[in-house]
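Same chain, two partners: chain A is paired with chain B first, then with chain C.
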Partner chain A sequence: MTTTTTVEVPLSRLAAPVVSLERAGKRYGHKWVVKEISFDLHQGQIFGLVGPNGAGKTTLLKMITGLVRPSCGTIIVAGKTKTEGGAEELPGIGLVIENPPAIDHLSGLRNLQLLASINNRIGANEVTAALREVGLNPEDKRPVRKYSLGMRQRLALAQAIMEKPRLLILDEPTNGLDPQGVADLRNLLVSLRQEGVSILLASHLLTEVERICDEVAIIKNGYIVHRVNQKASHGCQQMQAAIRLTTPQDSRVVVDMAKSRGWVVDGEGTDLRLQGVIAMPALIRDLVSLGVSIEAAYREESDLESIYLREVGSAGQ
Partner chain B sequence: MRGVLLNEVARFVSAPRRWLPIILAALFIGLVNTDQIRAIAFNQQVSVNLWDAILVSMNNWIDLSFVLLMAIAFSVSDIVTSDYLTNYHWLVLTRSRSRFKWWAAKLAVVFLVVLVAIVATLSSTLIWGLVQGIPFSSMPSSFAMGDFDGPPYFPVLAPDTHMPILVISMALLAALGLGAKVSCVVFLSLFLAKPFALIGLVFSWALLDYTLAGWVSFWQRYLSPTMKMMLMTHWPREDRFLPHLMPPLWTSVVFFVVIISAVCFFGWRWVRSADF
Partner chain C sequence: MFWRLVVSEVRGTLFRQKVLLTFLGLAVMDVWGIMTVADPDATFPFLLPLLLPFIVGDSLVRERHNSYSWLILTRGLSKFRYIACKMLGGVINCLVLTVALTASFSLFGLLIRGTTIWIGSGATQLHPNLLIANPLLHAAAVVALVILSCIAVLGLTFVASTYTSSPYVAMSAPLLVILALAFFLPSSWQWLSPYERITFMITHQEWVNMINMTTYWLAMSGILYSWAIVKYIFTEGV
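Let's turn to the complex of A and B:
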């Protein structure tokens, strides 16, 4: 089940999206690893992908970078369309992957210089600037094999941003970072967003994703099972209420009332869940006045972690 | 292309385990052949020089097509699969935007390694020879011209043979032949991501080639890559050989170029549409 929230679109978002996926999917043999994924990533937007291990996040990121061909659907990155069967790496992408690789016997600076030599677009100044931006010392002559996990992660970030990409794809960029490193990364991503860089972020750190992402998709078994527009949900004070009725016959009354007020109703029988702009005291008062017998009513948390646990925890849906 | 190649070379150099087998093989071949030349000089009372040790090693099946081939195969059999393990190719491919460059760089590294392995073998032979007191000369020795009792170790040379040119030509042909063989291994690693299985295949191939060349004359004359690699010593006297017994040298070069072109083309076709 995919739940979306309608939001007001800022004018800057009316331009063509930097990344656009339309029912994109990937199948290995008979197994669909990614299926029916559709979303747009606009300039200056941070889009979060969360989901359990093996949900298909990395495959989806590979499809967007062009390293994996889609089995169905369309992927448009920076105006270039990729459809079934086409495999071509796409332009202007900065990439941080899980367990970032490096040439271990070379220094961080030398590693970046080698990668920069591939398309020769930037010089030594940009490379050293990128290292400084992520908090590494360009003068550090130590080989990368002597770096800590956090330093390696910072180096991976430096290689991703050094060529000033329009699209940044980050797969677990906080791995191994200490709290200061996580905060630095957050600030860096926010400043890149302000410069117009579009960012696709896959992470298990839900609090960080919630803090910096404009929109978040929860992926499970290759599907997007829930989408959260952070700004919309914060701005409208959306919440979720869970109600347990004494008799299932009253559920009809509750559903009719919820629909008349534009709320989303989930569940059946005596256990119902309402989503929308809801004030709990008014809800209880209205239900009682309609003659509904309530056994329990409580407000459910609507933060990303709660939504995530609810969606990912509900097996088989 | 230069940047992609630089990355590939830097990654290759960074792993000492890749160089160790080549260094050991080069030292072994140099020592064995200089020892052998010294023994021949003593037993046959014939004059020898440093070139003889090189000619013997470049015309020796075991040295060239088994010891050196296995060492090189051990070094390069995982240059593709190591990318799959580390995902380094993500960083390269998203920058280069050309999978052909990535594949061509892999093959270029193979040929660089083969060339370095052969130069290391020749250097090791020269150094061991000097250490053992084998003299240096610009002319072929009496041993190389067949002035001794017993079967020759390689086709006898004319007195006016230009030794440095002959040795360089032999090294280049051997590099082409070994490069063709090992590039087939790297091509197979695109589908079979099991480096040790590939080394096993190379081992089996070396035995098969050795056996077939010993028993099937058609294989020996026209198909055996090792025989073709060793044709260079025949070249100074090629006009004396019957073409149906000993194919001309240019056919060897064409044979290897066809193999390399096929590997390059079919590898690129696979890489072009592969999921990484």
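Let's turn to the complex of A and C:
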């Protein structure tokens, strides 16, 4: 009798990823701004990018949109390999840029109509519907220069979603939004995900990223220093355990045990971190029974903010 | 797609407050001092080309600076078509501004001084002073030269725009270059102004050196535009 294990994978995940990066990097002169970045963004997935200012997030987004040529690696967007610089047609990409630009002397509606006229794929109804969806009044005749930062941000969102893109790239979309605006944005992104839109979200609002993203990458100095699979950590009660051993010789035993149980091991010498479905009492008991001498063992916070502060504080050192 | 953007570029530039104020300032200055373009004392032939960088010079660099061009380029417009759209829009702006100023000068001249443009008998004679002696031909020559000068100076502006991310630098660099050459060009380099003879056919006034410097760039406008296009296309980013 054979046993079959069924792994539930959403149908959308079986298709080719909408965005796929394989060891992509960008160098200006001798300085690597982005290096060895690899991830896949599937249909209907929200992928978060967090990191300090200057970490390379915007350069990475420019590489994905084709405005910056990768110095190494491969970037595939919607089935097209992007090895050349310069813009090329990327069907169905919506983009929100930090400090959203607009033509200041035109109204919000005229701004969107102008951008929509480039591809001429949608009509006036879709443009006004997009404005209403983000909470702006299409009848508002005021020029954009009289808009508040929050209104400009909403306008940027409207221009990004008005053409029903398959891929949304959002760089700090919550800038200037009030709490109601942040909540509206969250609901909007979740509903777009349900419609099958893939979303790449760069933000400093860790709580929002943690709430809505399926996967999060923490970037520092151009590298992905940590990845958090939100779905896995929420669904399987993942946790992180920190162990300090008395002697570094015991680390081999700990690593072998962790690997046999499918945990992720980080660190070296006497200080190790284990990530996975771990029960602390059982872990300590098992290690003692294997003859490992433990100086300290404790559970670490595994929320995104704790991980971010730990990684951003320690990476690069 | 391309033509819609060109129209938007022209409308977006011409209906900006800054442009309208500059236009009004030019018109007031010329109405006050000179009445018609047929007058050899007219100042606008060199003022408009010199002011053009301030009027439309930040068009490209402003959109690059605030990343608006990123939104446009990700909608499928190539970099070549984008800068071509900007250049064509700029050229149309030159035409519109010159024609509008000419019309306003002529109208004001007619209303205030009763000056009319006439076709003299000299039109049929080839004479070194033909363009000055015949007001209609003179007006047409001035307008043509101003348009060409504007287009040439705009080329200089586009080159500056591809080297800076500051709208203010892009706007002021061409003016500084023109004025610096107008005042400090050594006499041994005067042969670099191949259009000097043309401008002398239009006017003998003292400011001729200024218009020489704008027309001077005509000789290089092809190089300037090509330079700006190549530089922009091969520069990474927006």
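The rule we apply is simple: the second predicted complex is superposed on the first by the 251 of 317 C-alpha atoms of A that agree within 3 Å, B and C clash if a C-alpha of one lies under 4 Å from a C-alpha of the other, contacts with A are read in each partner's own complex, and residues count from 1 in each chain.
Going forward, a contact is a pair of C-beta atoms (placed from the backbone, for glycine too) under 8 Å apart; a residue touches a chain by one contact, two chains touch by 3 or more.
Since the model is a prediction, treat every value here as computed from it, not as a measurement.
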item: Side-by-side fit of chain B and chain C on chain A, or clash; value: clash
item: Chain B versus chain C as contact partner of A:41, first or second or both or neither; value: neither
item: First, second, both or neither for A:161, with chain B first and chain C second; value: neither
item: First (chain B), second (chain C), both or neither touched by A:69; value: both
item: Partner chain(s) touched by A:274 [first = chain B, second = chain C, both, neither]; value: neither
item: Intersection of chain A interface sets (partners chain B, chain C); value: 62, 65-69, 85, 87-91, 93, 95, 97, 99, 101, 103, 105-106, 114-115, 117-120, 159
item: Residue ranges of chain C touching chain A (in the complex, touch as defined); value: 1, 4-5, 8, 12, 15-17, 63, 66-68, 70-79, 82, 233, 236-238
item: Of all residues in chain A, those that touch chain B in their complex; value: 62, 65-69, 85, 87-91, 93, 95, 97, 99, 101, 103-106, 114-120, 159, 163
item: Chain A residues touching chain C - in the complex, by the definition given at the top; value: 62, 65-69, 85-91, 93, 95, 97, 99, 101-103, 105-106, 114-115, 117-120, 159
item: Chain A contact footprint on chain B (complex, rising order); value: 2-4, 6-7, 10-11, 14, 86-88, 90-99, 272-276
